[in-house]
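By written order: A, B, C and D. Residues from 1 in each chain.
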């Protein structure tokens, strides 16, 4: 077996509070090696300031299947009936999976098409295969019990996996996590070489107005995709999920006392601690070092911990790059150093 | 130095026509190992049918800078003047880069803010650092020659790097490449186990209608991000660029003679053969094996070749997954095999 | 009082089936007078073919309020508690409105912000004022019972009223209606001067691919806004709601028997038969002539009927324009006639 | 002829500076009668503060046509050739229109499809018919000179007319206008009953963050569609163009001296002073009273003046509603008054 060898380093320690209370390091695998010192700077300033507060809002994984009726009326009637049958659908799912639990169904009707978005909790797995498998089981059952429906697709792009969308943030896909920090002005000046006011102004003009001007969708951040990619690769995740994962929203403001409030909200953070990609030795080691392979943890607890660490890593990178961009001189110097080595 | 070891295999051969005429294999590094046989199936059927036609539409890299005036009038006047000064800006850029050539400037005015999207050709580099460096050089020049402007940000999210947007596809970022193939019904049946009609119907209901229903943006594909990620990792690309790279559009129809026409249009394919990440041994070997390190090639030619191979790889994966999803039984079986090994 | 006098005509009759079984005319007020014959053509061909089937999927009206906590954890806990208090919120709403019924609450957390999307049924009113009034009543109650929250806005743009969004189609705002028709090829040729195949091809390349290429969002139609505007003005609706109303999706295909299936799905159709704008004499007359002022109808029934007629009107206009655009000669002639009169 | 009678009032005076220097009133026709006092409040405070500065950035009207080649290569070659033929295309257009001038062509290739976005200046007309007529003339010429292309549609939804999109703001459609004002804190308190800080905070959390959370696209405002609709109806515009017109962006900040800077940027303001709808008596009177029917004006000057007045009207309405929403008590009282009269 051949391998692509992606340079990997540990960043942190990250001081975590809230839904996770710990001091942990995080691995990042990336060709963009300047990411490491950048995230480290964010880790350092947040640690000095009392840490990063993690709040886990939600966790689910989805698969949508597309069916077709002769008309919208039949599609709608089937949808209403299926919503009433959630328990029976769960029974079908349970036959093949110990962990998949169907928690919500969102039907969408387009003409005579019925798209069913099936949403599951999936324990510690990110759940791609689990929900596909569940959908596989459910389709024959649905077609049998609703003969007015015919099969169109096991994946109707209303899931939606690894594609830009609005549906994921609104109905939820993966972990929905918020990372927040409160930084005294003094620490902002010392470690980030900027001020709360300058950072907030840049956030508004770049992350909010700039993203709107660019025609972004449910996305307002500086470079979340960079941190997500590196963290996903280092922890055996399906890194193509950074497409939706990076649709995340920073929010910053200066408090009355002059402190900086900074947060990153990641509604589509698809990570797991078991399943595809997790069997590799270095992945197991990385997960273990972060405390995400606790055999005594409740189902889903290891994955939630991993999501929290990931969100904190993103926040650190966001803070650090935004700080740098408030200050043209700093970036020029950093880039000059890069240029000598690279492109 | 530690490394994340991502399993890597070669797929193909891909038979290429049009702007690239060759028969090449492509490397893919991924934890989603079922991708390899899936892409191979697409490679086989397109090879039998005469290959994949590659058309390179455009190539550029962008960086946007945000400046501010006292009002929109001053911002607009500065923008008009700067558009007239493109040659002088190019002269500034030339002092620090042999390759960066400023080809277009798109100003955007939001109130008193002036966002300048600077677009460059960057030779064989993907050009992230080259355009940032160029912007670094240009900012002092712009502030000096347009004193009514003040600095806001070296990156205004109107570039936009590694973030969902509309601006990239409309103004161009990276290579804009089309991959197309024409498949006789007989080959579709034999290799893809489906029919042209079924595949086109699924494409319409999933990639087009399903994506629209999900609130996708400038994106209509099945799983382009998967192939992009694997190809990017294997060739030393900045794989966070799959966020915009995966905003790509499939188009399929059944010809009067019953053949399947299938294409993938990738307007934001950010790849290079030199620069960050390209210095690693396995990357050099991979690029060389694909013929993308030709020292006698004209500037940009190696990178364009790489983009063409990448687009063909995406097309193969799209074809294969769509074919599988027309056929529920096939997917179920494939997933069962996966489940035994994984999640 | 002065008035803008918008030319108005009746189109139809529209033959309706499904959730409305009737034969009715519809009023359209517009400066774009070619709309009338265009919609009439669609009405004629659908009548000959057995009519337009109307399916009402959902009805609700929303208002979002933005609150803020000290951190995401407090915001999340408040959201969870409020979801449990839906009955108590309904009791507050009931004190001031006979009709508003709170049917669903969607909380959204961005950092320390809590946006609550409150969704109500509103009887026969479109419900703008009813839900604003309900929100007015609820805010003091929420602030009193959740003292960790402070007021930010009575409208957080997550409602969202008269603005492009994804949230409306996914969570529902206004009536969600599908209009469908099945047209034999012979009728398509005779009345629409085209073929099912040509119309479907145009729909795919224009409404689906063209909209995706343009960066549309949850929208795939030819000119739904035209019909909506004219119908809204003629029936006293708040016509600025065509912004979200026109985010609607056509779906067309050729059946095995050669018939054309054509549908329009309007998930954000905000119309009412009582409330602002409905008191004007001509509006009352128009509503009465359509049978939408039945005093014996159940609450909401008149408004649902109105929504169905509106959806049928949109479908007729869509069919007719698409047919015309399959045929360049026809449009040129029609435009020449226009040109003689206008611009 | 029947008419829908939409209540109409004059608001203002609006004190205009910059590209228009005048003091004018503006007509608004709407069923939402509270709009009039709301806009009047914005007019009053901006007048006291020295007025509203208008900057006209651009003006153009577009039509896209869709053509098809056998493959992307042929489509691309045709596109390149057509870009070189702009003068010859202009000669064709000139034969049938005195005013239409082709200023830019944006080709878009999706597989084997070639979408040509043709952009024109159109004098004082909004230009819908003018550009359609020009496209009608150009299609036969294009098909004759590029026989590898076949006709698909005279309108490819890449124009895009009356539909949500990203393309309009990025390539331009209609007038691109900025309206700005600078309000001393004292006037904000006296007339708007709020503070600059509160208004800016609300703008950020509602217009920016709220819109992003809702999945808006290139849109960040409170209720621009309301003012656009009323102004469009009163001036004979094609009011369905509020769909794209309302995709506009507010920007607000508190200056160091405590003043409020507030602006609205409208990149898709489609208005004209001649053409469809302008022949009605009340429309002529309204246009004349605003000074937009000057026979001695240069082509396009009357329409640009109209666009400026329209933008100022939008700004006034935005300011006033945002101010009201910073202050829950005020809205409740206003709504109670409404409720007594309405829904």
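By definition in this document, a residue touches a chain if its C-beta (ideal position, glycine included) is under 8 Å from a C-beta of that chain, and two chains touch if they have at least 3 such contacts.
All figures in this text were calculated on a predicted structure; none of them were measured in a lab.
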{"item": "Chain pair equivalent in interface to B-D, over half of contacts matched, among A-D, A-B or A-C", "value": "A-C"}
{"item": "Interface with more contacting C-beta pairs, comparing B-C to A-C", "value": "A-C"}
{"item": "Separation of chain B from chain C, taking each centre as the mean of its C-alpha atoms, in whole Å", "value": "37"}
{"item": "For chain C paired with chain D, centre-to-centre distance based on mean C-alpha positions, whole Å", "value": "22"}
{"item": "Rounded Å distance, chain A centre to chain C centre (Cα mean)", "value": "33"}
{"item": "Residue numbers of chain C (touch at least two other chains)", "value": "110, 113, 166-167, 170, 201, 209, 211, 213, 215-219, 249, 251"}
{"item": "Interfacial residue positions of chain C with respect to chain B in the complex", "value": "166, 169-170, 201, 204, 208-209, 211-213, 215-220, 249, 251, 253"}
{"item": "Sites on chain D touched by chain B in the complex", "value": "18-19, 53, 55, 57, 71-73, 76, 109-113, 166-167, 170-171, 176, 178, 180, 215, 217-218, 249-251, 261, 263-265"}
{"item": "Complex contact set, residues of chain A against chain B", "value": "1-9, 27, 29, 31-32, 64, 66, 68, 108, 110, 113, 115, 125-130, 132-133, 136, 139, 151-167, 170, 201-202, 205-207, 209-211, 213-219, 221-223, 225-226, 228-229, 233-234, 236-240, 242-243, 246-247, 272, 274-277, 280, 282, 325-326, 328, 331-332, 335-336, 338-339, 342-343"}
